[in-house]
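Two complexes are shown next, each including chain A; its partner changes from chain B in the first to chain C in the second.
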Partner chain A sequence: MSGIFASMIDGLLIGSVYGLAAMGLSLIWGVMDVINLTHGAMIALGMFGMYLLFNATAINAYLLLAPMIAGGLILGVIIYWLAVNWVVDRPILMSLLSTFAVNMMVIGIGTAIWSTSPYNVDFSVPGITVGEYTFTGNHMFAALSAVLIALLLEMFLRRTRTGKAIRAVADNRDAAELMGISSTRVLMVAFAIGIALAVASGALVSTLFPFTILSGAGYQLKSFVVTVLAGLGKPFGALVAGVLLGLLEGAVSPFIAISWIPLIEFGLFVLVLIVFPRGIFSRATA
Partner chain B sequence: MKRFAFIALLLSSCFIATAFSQQTITLGFTVSRTGALNVDSVEQYRGFELWRDQVNAAGGIKAGGKNYKVQFASYDDESNSKRVQQLYTRLILEDKADFLFSPYSSSLTATAAVVTEQNEKIMLTTGAAEEKTYKLGNQCLYQMFAPATQYLTVAIDALKAKDPKATVAFVYEDASFSVAVVTPAKAYAQQQGFNVVFSEAYAPNTTDFGAIIDKVIGSKATVLLGGGHYADGSTLARQLYGHKVPLKMITLLVAPDSPQWAELGDAAVGVIVPSQWEPQSTFKAQYGPSGADFGKAYTAKYNTPPSYESAGGYASGLILQRAIEQAGGIDTAKVAAALNATDVTTFYGRTKFSTQPSEHGLQVGHAIFLAQWQKDKSGKPVKQVIWPLAGKSADLVYPIH
Partner chain C sequence: MSDVALELQNIESGYGEVQVLWGITLKVRGGQLTTIIGANGAGKTTALRTTMGSVRPWSGRVLLNGEDVTKLPPHAKAGRGLVLVPEGRQLFPDMTVAENLEMGAYSHRARPRQKQNLERVYQAFPRLQERSRQKSSTLSGGEQQMVALGRGLMQEPAVLMIDELSLGLAPVLAQQLFLTLKTLKEQGITIVLVEQNVHLALAVSDYTYVLAEGRVPIEGESQKVAGMDEVRRAYLGL
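Then we have the complex of A and B:
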């Protein structure tokens, strides 16, 4: 197997997790018009949640995703009522400040509890070796879990009454309210799902790499790139864009030093903003 | 009654005399209690702490007819150089530290050195191997570690003895210490006839080495040299193992020296670390405890064996203590003169500082070991000294698998 092919498979696997992380940001941004700056902190909480749960139960880490998502939903509801509900219809700067404040509180409390030292979830799944290259089981399980969660979300949004209500509120909140949909309740559910997705992606990342309470910031930045690539309010598009970003990383990394990759990613970010300001998936549906 | 009054007077005068001869020295430093340097830095701190406790239990440092009890002024620098700059200023100006120890790592020490030199305060640096800081005309720095250039050149010597046809990859942290180690090592490897097939630096906070590992495999390297500090080094080793990279030898800086390295399980085994000191070292101490006594006291206090960072921390205290004793007090100029004249062997090995104006304080007496994690009879990972051959406790295991 050639190096670039192996590198692209690695990129594809990790890209799925980037995509899952970005889905939460995209959903909240698209439905509520709120740029959720707690996103990175929620990813970090997902990492530590998985660490604590895994150490307490010592069962297969990927089976713990269900309780992690449930915890993320509850956390999302709490944050919504504490910090978001009050600023939903206010200028966007208010929601930025409000979610940034929550972010700082979570990071501060997290630093006090866990310090900024690295932690590991000591769990590994045997991988597959092709030629000289081995693809770890953790990467494959994380990618599969990310795709599965994304598909479940897509089904939820398309098939369930609440999911349809979320889409209706995202399209036209006033019209949705005239149809009898409680937009406050729908926004709360959308926010909670967004947070649960961030927590789930953090939990998956924790099975791949060591992490600190500050680790969410890097994934938050990638989530912004992916969300801009996909276009706002397109959660499944975010997953596809995440995979594309991972593939891009995999394709270029054999030819350049990895420290240059963020430059390419953010160059792409600017380019997409200029050429496709509504995201690369928006033209087809516009 | 008169006799009782006389005894009371005598006792109180003794008490007053003791109080006058009992002084306190404040030693200032920062510890990375949080952040990427946490593991190595705390180990260094434990060395300082054990030395202080032992000195104070023995009545303090005895110099010029006085007993100096040692107290610490210390803060968490969060592995952050901006914090180091603020905190060393605070240690000198507010806490009135008499002498300073360095923070852990070359980059944080370089920042601290700017402050200590401005204030003409003596700072013993430990965990700061990069030479550059000692070649800037500084006059108050004293380096305890052997310089960075030695770290990987000894690994290349050991490799040449075992497999002169090996192909070498350098993968290292993009930080001042690692760059200072790898740059001369790369040149040395080529000079020794090795084919350097791959070389890449990674950002200090890297956690995903997948892309670099794919490149190492693609380069057909048989030996990997590099690393940086604990967080990145342990992650790199874990991922090299997870990806089953077919390497015959892995030598990483700093991280594998920590006793915590054993927690990596099978990923720990076979990895080599250039070391400033190992518990198996048998230097005949001219001053201070033997290596065995230090190891015993350290293990009893912290329930873990000492790393070379811990030994370096303790030895810093010892060397400062000796200089204060020889200076007969804590006068900065006299202590500096004593440090300049230091040429002594402790449990940690030989310590001698350069007095050349162009490299004042650079360590010129100490030398590097190589240690390798090997499995003992029970299958548990243990560290063995493999180089220099004269002081080895086990043979180099090559190839690893």
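Then we have the complex of A and C:
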């Protein structure tokens, strides 16, 4: 019985990283109605970015999150101007295609550089042993970092002038313009933050598991599940839903083969879409 | 005569292929309350939205205190003090009343006077202070209109344009908002009012433009316009 307990704690810790990734997807959708299909590629870039940075500096990998996030913001601004600004107000298929194109380019270049063989970040923090189970330090640090970043984002959105402008644009873009808010600049900032969150979550995952340039795809799919669980455009709900998804994975993984997990997750996805079409955290308001 | 605060010169505009405004020219004098009346579909809202830049003018010029601002996007015009309280209020539904008002003070122009302006808004609408922590979507229609107007005042307007102040409000509340408008005018704020209640609009305003099919066939001091036979027949039902 304590086996499933340990597995669930593991799931909970990993789930917070899923949640962080999904926050990025959710923020971009909520603010500009763009489904960002570069998400998985950005997660993969986060993994390889962490790999390169760690090998170059050999300092504590979790301290490297700060430069990783800064890099993610810059990358986000570049992608926004290259591929997103032109399609924001166009039919949704346009932004799907343009972000998918960026995704394919990043994956293509990444495959050329690193092939599709696995890499790993050779860094570990000592764990804690309780009875016969050891909780790895990396899992705990990754979860802690994810929650910390999520809280910082929430505070940024609630307290700062720019954060409030992002919420105003998400709520009513035309009205925000009338207030003197340059909505284009706000969209750029929101997109950059969304990309930075994807990069940060990829960086965290790279300290937990081996990865390839294609690994982002699986996390992108999990992000979709989490985002739908939480209700589109609710970043903090996405963190909670991510933790729930992780818990679910932890609870079932001792009993079934790993390859069945996506089936369960997407079964849940369909079920939620049918039963709670607006997400489990949405109240039934108009 | 006081200076012209806002001027539209020969503005034409519309949506897609459909032309709505066919060359309208109007002058709003500083410190006055100017009203635009007209039937539904005459182009009143389009005139305000074109002035603001939410709808692009096809030709003509918009001057704010003598400066040509025709090509500026709405946020840049707002930053210069051209303020629109839009039709249907257009609040930020997921933000609280206080946050909605705070967004009014976003621009560099309005930020230094945020505190004084907030006091002024709460003084004019004590109800908003009581509800300051409530989400704006939970307010009644009248209260939402107060937030919209208050948010406009927070913007430190050089010219305050209001689209349909009384639409959908109970008569008592509409009266109360018109009184507030009068007070604001006495405080020296330049106001442009688009209003479907022609009686009230003519009564509170200094100058009136009548808009019909995208043109301005009649203009004049409100008292005179109110006395014109064609206006009385077409818009006042007399």
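Things worth noting here:
We adopt the following convention: the second predicted complex is superposed on the first by the 282 of 286 C-alpha atoms of A that agree within 3 Å, B and C clash if a C-alpha of one lies under 4 Å from a C-alpha of the other, contacts with A are read in each partner's own complex, and residues count from 1 in each chain.
FYI, a contact is a pair of C-beta atoms (placed from the backbone, for glycine too) under 8 Å apart; a residue touches a chain by one contact, two chains touch by 3 or more.
These figures come from a predicted structure and were not determined experimentally.
When the two structures are aligned on the shared chain, A:Lys164 is found in touch with chain C, with no touch to chain B.
Of the two partner chains placed by superposition, only chain C is touched by A:Asn172; chain B is not. Of the two partner chains, chain B is the only one that A:Thr111 touches; chain C does not reach it.
Of the two partner chains, neither chain B nor chain C is touched by A:Pro67. Using the contact criterion defined above for the overlaid structures, shared-chain residue A:Ile181 touches chain C, although it does not reach chain B. Set against each other, chain B and chain C differ in how many residues of chain A they touch, and the higher count belongs to B. Shared contact residues on chain A (touching chain B in one structure, chain C in the other): none found.
Contact residues on chain B toward chain A in their complex (touch as defined above): 33-36, 38-39, 78-79, 174, 200-203, 205-208, 210-212, 214-215, 217-218, 231, 234-235, 238, 242-244, 246.
The touching residues of chain A, when paired with chain B in their complex, are 2-3, 6-7, 10-11, 14, 111, 115-118, 120, 124, 127, 129, 132-134, 136, 138-139, 208-211, 215, 218, 249-250, 253-254, 257-259, 261.
Within the complex, the chain C residues that touch chain A are 52, 54, 73-76, 78-79, 83-84, 86, 90-95, 99, 102-104, 106-107, 109-110, 137, 151, 155.
Residues 161, 164-165, 167-168, 170-172, 174-183, 285 of chain A are the ones touching chain C in the complex.
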